[in-house]
Amino acid sequence: MSTLHIFSKPLSYYNTDQLVNLIQVTDQVLLLSDACFAIRQFRQLSTHLLILADDAQSRGITISEPDHSLNYDDFVALTLATSHSITW
Amino acid sequence: MSTLHIFSKPLSYYNTDQLVNLIQVTDQVLLLSDACFAIRQFRQLSTHLLILADDAQSRGITISEPDHSLNYDDFVALTLATSHSITW
Amino acid sequence: MINVLVLSQHSPFDDLHIRDALDMTLIFAAVEQNISWLFTGPAVLALKKQQQPEHIGLKNYFKTIKTLEIYDVENIYVCEKSLLEYGLEKSHLLIEVKALNYQQQHHLISQQQQIVTL
Amino acid sequence: MINVLVLSQHSPFDDLHIRDALDMTLIFAAVEQNISWLFTGPAVLALKKQQQPEHIGLKNYFKTIKTLEIYDVENIYVCEKSLLEYGLEKSHLLIEVKALNYQQQHHLISQQQQIVTL
Amino acid sequence: MARFVLSLHSAPSDHDATQRLIKFAHACLNLGHQIDALFLYQHGVFHASEQLNLASDELPINSLWQQLHKQGVNLMLCVTAAEKRGLDINNTGVFTVAGLAEFAMLASDADKWVQFK
Amino acid sequence: MARFVLSLHSAPSDHDATQRLIKFAHACLNLGHQIDALFLYQHGVFHASEQLNLASDELPINSLWQQLHKQGVNLMLCVTAAEKRGLDINNTGVFTVAGLAEFAMLASDADKWVQFK
């Protein structure tokens, strides 16, 4: 039973306090769009982040361990591997 | 030389750290719309807040000292009494 | 029947966010799913009593919120911490709600098949 | 000639906020006003080098940002603290900017006749 | 008497911002001030969509704009912002299509520019 | 094979959200999954504005929707959200006007509902 948490903006757009308390270690955190700029900020929510490769690359962001780079096929598979998703 | 700072949402919509540091005691802070719900939060920015009466009343919010209630004529006058306004 | 959660986070008159969430909640009840609605952050203000937006030309959607129970929408939840943040108590609210701490919110989320933020 | 300040606070691809601000900045320069542009919060990311949004079908407006100097827009400011927040240094930016602390931002604001947040 | 320019940045679905702008505009006029331009920018341009037609228990946006138009307020629509949002600029009702330069000149001449969003 | 419903909540001016939704939809189809509905809600309904016509150096939104339509994806527009935003529901191009109930039933039957904004 894990939740996929999807973000498309830097963390300052969200309620950090709520997210830090809601997101569990078994959950997955996926960064899309401008959220890719804020890997360091999102580290508070999960020790390893999933990042959409297209969105990161087009912004000149390099993805490295412990984070994982995803393509769209992986993104689809991820929504199926988790119980449900929340697009924050 | 004072600035009129205009808000229409609760403080969580804005960058509190920036606002606390930018807004000076000589500045004016005006709460409109859903910002009227968050008088207590906005107290951090100014010891006395200006609040649009229509917007507060329609939300069941009572305005009391040290805050001031404004009508639209006052709002217009306020924009003229300050050097410039920022609608955050 | 599946469990569906509508998650509201916007303030009452921030565009049509709360009204869109209200429509979505009512419709899932109408098609007989097990719908829940969770209010967090400034969205809890949408449950505050004594609002009369018609005085400034806005539609009074609070009347519809009051009818949720009639339409069998019984799972209305609010974030306990957000109530505190806005100085609200349960007696200040339009309808009966369950106040949840973060752990309880997490549990609620874990029970859902679909979750939508509006 | 008046002093006009454009204030940007949104992330680079949050709707068209930065592009709207870019248009506004260029046009005030074109009508020969003393225009300044201040980037705070996630807006500082719009000045980050090596972005190629055309790879995901989005317009590359960074090319236009690079031409600001040609159009006599010289007063480009960024919030010092926001740069830190996103791990950026001046050498990571597309163009020459002045980094301002909060006190300097307040001073900049105090010099303006008109201020627009976009 | 002061000269104002007002700009609206939110979509017509944000009825609250719209009603506030319109009340502010009427207060300006009633106090004897002048409004040199009321300018739609960003999502505000959707207000110039001719088809805008809300239910009778909603804010009567169309007739509120008509009223301001009849009082002689220069209702302007930013052509650049409209085109970037795919709006039909040949059919903008009481709003006049204007370039950003025109607005920038009016804003530079005005005593006050107040934004609504 | 899984059954998806996808919903889009942001306006066409948020090109980034639009391109992401469309790429996700194509990935679904290529992987052999089924998309029961692609639903426009909230500001997403502005995508069904027929006049939408962007410059040639912008995301070719119209032709991207045409492509999905040709692949048989059920492109739906929420009538309630559209009416609240004053959209002309008689002229919605490749999008079919649908009630919220219809979408809610599809969402209840689908394996996954993914939101894009």
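All chains are identified by letter, namely A, B, C, D, E and F, in their written order; residue positions are counted from 1 within each chain.
The definition used in the following text is that contacts are C-beta pairs under 8 Å (C-beta built on N, C-alpha and C of every residue); 3 or more make two chains touch, one makes a residue touch a chain.
What you see is a predicted model, and the numbers here were worked out from it, not measured in a lab.
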If a chain touches chain A and chain D alike, it appears here: F
Smallest count of steps, each to a touching chain, taking chain B to chain E: 1
Pieces of the assembly without chain C, by contact: one piece
Which of B-D and D-E has more C-beta pairs touching across its chains: D-E
Numbering shared by both copies at the chain F-chain E contact, with half separating same from different: same
Chain centre separation (chain B, chain F; CA means) in Å: 39
Chain centre separation (chain A, chain F; CA means) in Å: 23
Euclidean distance of C-alpha centroids - chain D vs chain F, Å: 33
Residue list for chain A, restricted to those that touch at least two other chains: 12, 15, 33-34, 54-55, 84-85, 87
Two or more partner chains touched - positions in chain C: 13-16, 41, 56, 58, 114, 117
Chain F residues counted as touching two or more neighbouring chains: 11, 13, 16, 20, 43, 58, 84-85, 113, 115
Set of all touching chain pairs, with the criterion as stated earlier: A-C, A-D, A-F, B-C, B-D, B-E, C-E, C-F, D-E, D-F, E-F
Residue numbers on chain A that touch chain D, as the complex places them: 9-10, 12-13, 33-34, 37-38, 40-41, 54-55, 57-60
Interfacial residue positions of chain E with respect to chain B in the complex: 2, 4, 16-17, 20, 23-24, 26-28, 30-31, 33, 111-117
Contacting residues of chain E [partner chain C, same complex]: 10-11, 13-16, 19-20, 57-60
Chain A residues within the chain F interface of the complex: 6, 8, 32-34, 52, 54-55, 72-73, 75-77, 79-80, 84-85, 87
Chain D contact footprint on chain B (complex, rising order): 1, 3, 15, 17-18, 21-22, 24, 83-88
